[in-house]
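Below you'll find a set of structures to go through.
After this come two complexes, each holding subunit A, first together with subunit B and then together with subunit C.
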Partner chain A sequence: MYRTTDEQRIRAYAELWPANPRWGVWAWRLQRYSGLALIAYAVWHIVTMAAAARQPERLGPLLTILRHPAVFGALMAGLAYHAANGIRLVLFDAGVDAMRRRAAFWGFLAGAAVIVAVSLGRVVWR
Partner chain B sequence: MTVLDGLLYIQRHLDRSLAFRYNCRAMMCGSCGVRVNGIERLACSTRLSGIPHAVVAVEPLRNLPVVADLVVAFDPFFETWRAVQPGFVPSAARRTAAEPARIAPDAPERRTIDPHRECISCGICYSACDVVAVSPGFLGPAAITRAFCAVHDSRDAGRKARLDALDRERGCWRCHTHGACAELCPKGLNPVEAIASMKRMLARRALGGVVRLGRS
Partner chain C sequence: MSAIHWLLQRASGLALVILAGVHVIVQHALLPVVVRRPAQLAVDWLLLALVLYHGLNGVRTVAYDYVATPAAQRAIAAALWAAGLALFAYGGWGLVLLAR
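What follows is the complex of A and B.
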């Protein structure tokens, strides 16, 4: 196994200023905010759909709101981010070594962005 | 010129009352941990020319009480170490053994422990950890990494007590995998990986208990 020498490590430490060392904190905060937003959405969804079940004429305006690109895009972005980052963390805790790297976070984020784009294309702009 | 050189210049020429700690100047003793422009660094090994800002602000480490200027008291930090029994606890067989234990360089336990054992107790990870900031009493990255090394040492007999200490509310379950400790450790250690490993070990221990309960 290749290991850097102390001299190499000290030189690298002295010469490199860490870029965004607290990115993980922001990933975690976003995870919490998106989770809270999804819970709020789920409550709203249940309440409004229950009302629409009693009064079917309410369903049309509800679907118009949900299919609005901004609403649907925000919902899918929150859902995709929360799922992608959650899976990354579960894999990390399960011992998948590659998940500890920053690249894994950006990779999962890119995957989430693709899911948002495809779902927007299929549901809103079809 | 490093941040430490700058601090020494200030102390010698501008303000003789400036208080800060340093010792080895070679990134080995861990005495000169400070926050440079909000980021935890060892002052001795941070070149001023490498800082991408026009103004350099040096502050004491977070999450520890300030004694004077850049000097912090490490009592809360070492309290967390005490909680996991950082010292080697020899087993009965080891206490009476005539020969020292031999662990081969390529032994699995050595390969597990080696990447995590060079902690210099500088407190940088403790300061960088946002969970420590909001959850006083959380053991923090350094203490859990020390426990990780001891738990994987086959000569050590303090495994159960350490795992019990880690299995508490403020033990390793409190870690939210932010990873700032691993990003900023001057020795390149990865405490967040050690913490995840301890979580897995505790989960296996708990599941083992459930299985044993089912069998009895």
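What follows is the complex of A and C.
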């Protein structure tokens, strides 16, 4: 007689209501989305800055966009997450244990938050 | 992804944590300085090269997850290399103009 095992039941319900939210999958997805956003930004930044190097009158408006708190904040958030998770990933491959990986991830984010806060302060109240 | 690109993606990523961090700090947290010295130009070129390599290699990795045909993968890789080299030339020249 066929009987559903606990393991099968858990696996089936996990799709509807994840008892174990798979953080790893979300960390991976976020790494991917933030990475794609960052390279799109980098290409735009390279092209517009190089164009402004040829026509200096274009530099001012460009810096106004770059120093807009929303633009700067979003960029820094994406960069900080991508870097912190990247470090976590390298540590994982190096065989560093989970506690230290977690400490490195949050420690880096805390350090990045200080730098971003100082930078935002200088950008807004320059 | 082949082994060498896998390794270079991690090495360039770690280098970028430093270089992009310094770039943000120098351009925003400290005084916004325009490249003036040869050493700054060299650092900015390195940042430009590594950002393009790391970023476009990432795009390639994502693209390969959706395109399985070897011929199509080769075309994607070639297009990304062409775009990367063109952007490096255009951006690198821009950095020289900014440094003058």
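Heads up, the rule we're going with is that the second predicted complex is superposed on the first by the 81 of 126 C-alpha atoms of A that agree within 3 Å, B and C clash if a C-alpha of one lies under 4 Å from a C-alpha of the other, contacts with A are read in each partner's own complex, and residues count from 1 in each chain.
Keep this in mind: a residue touches a chain if its C-beta (ideal position, glycine included) is under 8 Å from a C-beta of that chain, and two chains touch if they have at least 3 such contacts.
All figures in this text were calculated on a predicted structure; none of them were measured in a lab.
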First (subunit B), second (subunit C), both or neither touched by A:22: first
Which of subunit B and subunit C A:118 touches, first, second, both or neither: second
Partner chain(s) touched by A:67 [first = subunit B, second = subunit C, both, neither]: second
Dominant toucher of subunit A (residue count), subunit B or subunit C: C
Touched partner set for A:100, first subunit B, second subunit C, both or neither: first
Subunit B versus subunit C as contact partner of A:53, first or second or both or neither: second
Contacts of A:90 with subunit B and subunit C, given as first, second, both or neither: second
Overlap of the subunit B and subunit C footprints on subunit A, listed as residue numbers: 89, 93
Partner subunit A, residues of subunit B touching it in the complex: 2, 26-27, 39, 42, 45-47, 50-52, 128, 130, 176-180, 182-184, 186-188, 190, 192-193, 196-197, 199-200
For the subunit C and subunit A complex, residues of the former touching the latter: 10, 13-14, 16-17, 20-21, 24-25, 28-29, 32, 48, 51-52, 55-56, 58-59, 62, 87, 90-91, 93-95, 97-98
List of subunit A residues in touch with subunit B within their complex: 4, 9-10, 13-18, 21-25, 27-28, 89, 92-95, 97, 100
Residues of subunit A that touch subunit C when the two form their complex: 32, 35-36, 38-39, 42-43, 46-47, 49-54, 63, 67, 72, 76, 79, 83, 86-87, 89-90, 93, 112, 115, 118-119, 122-123
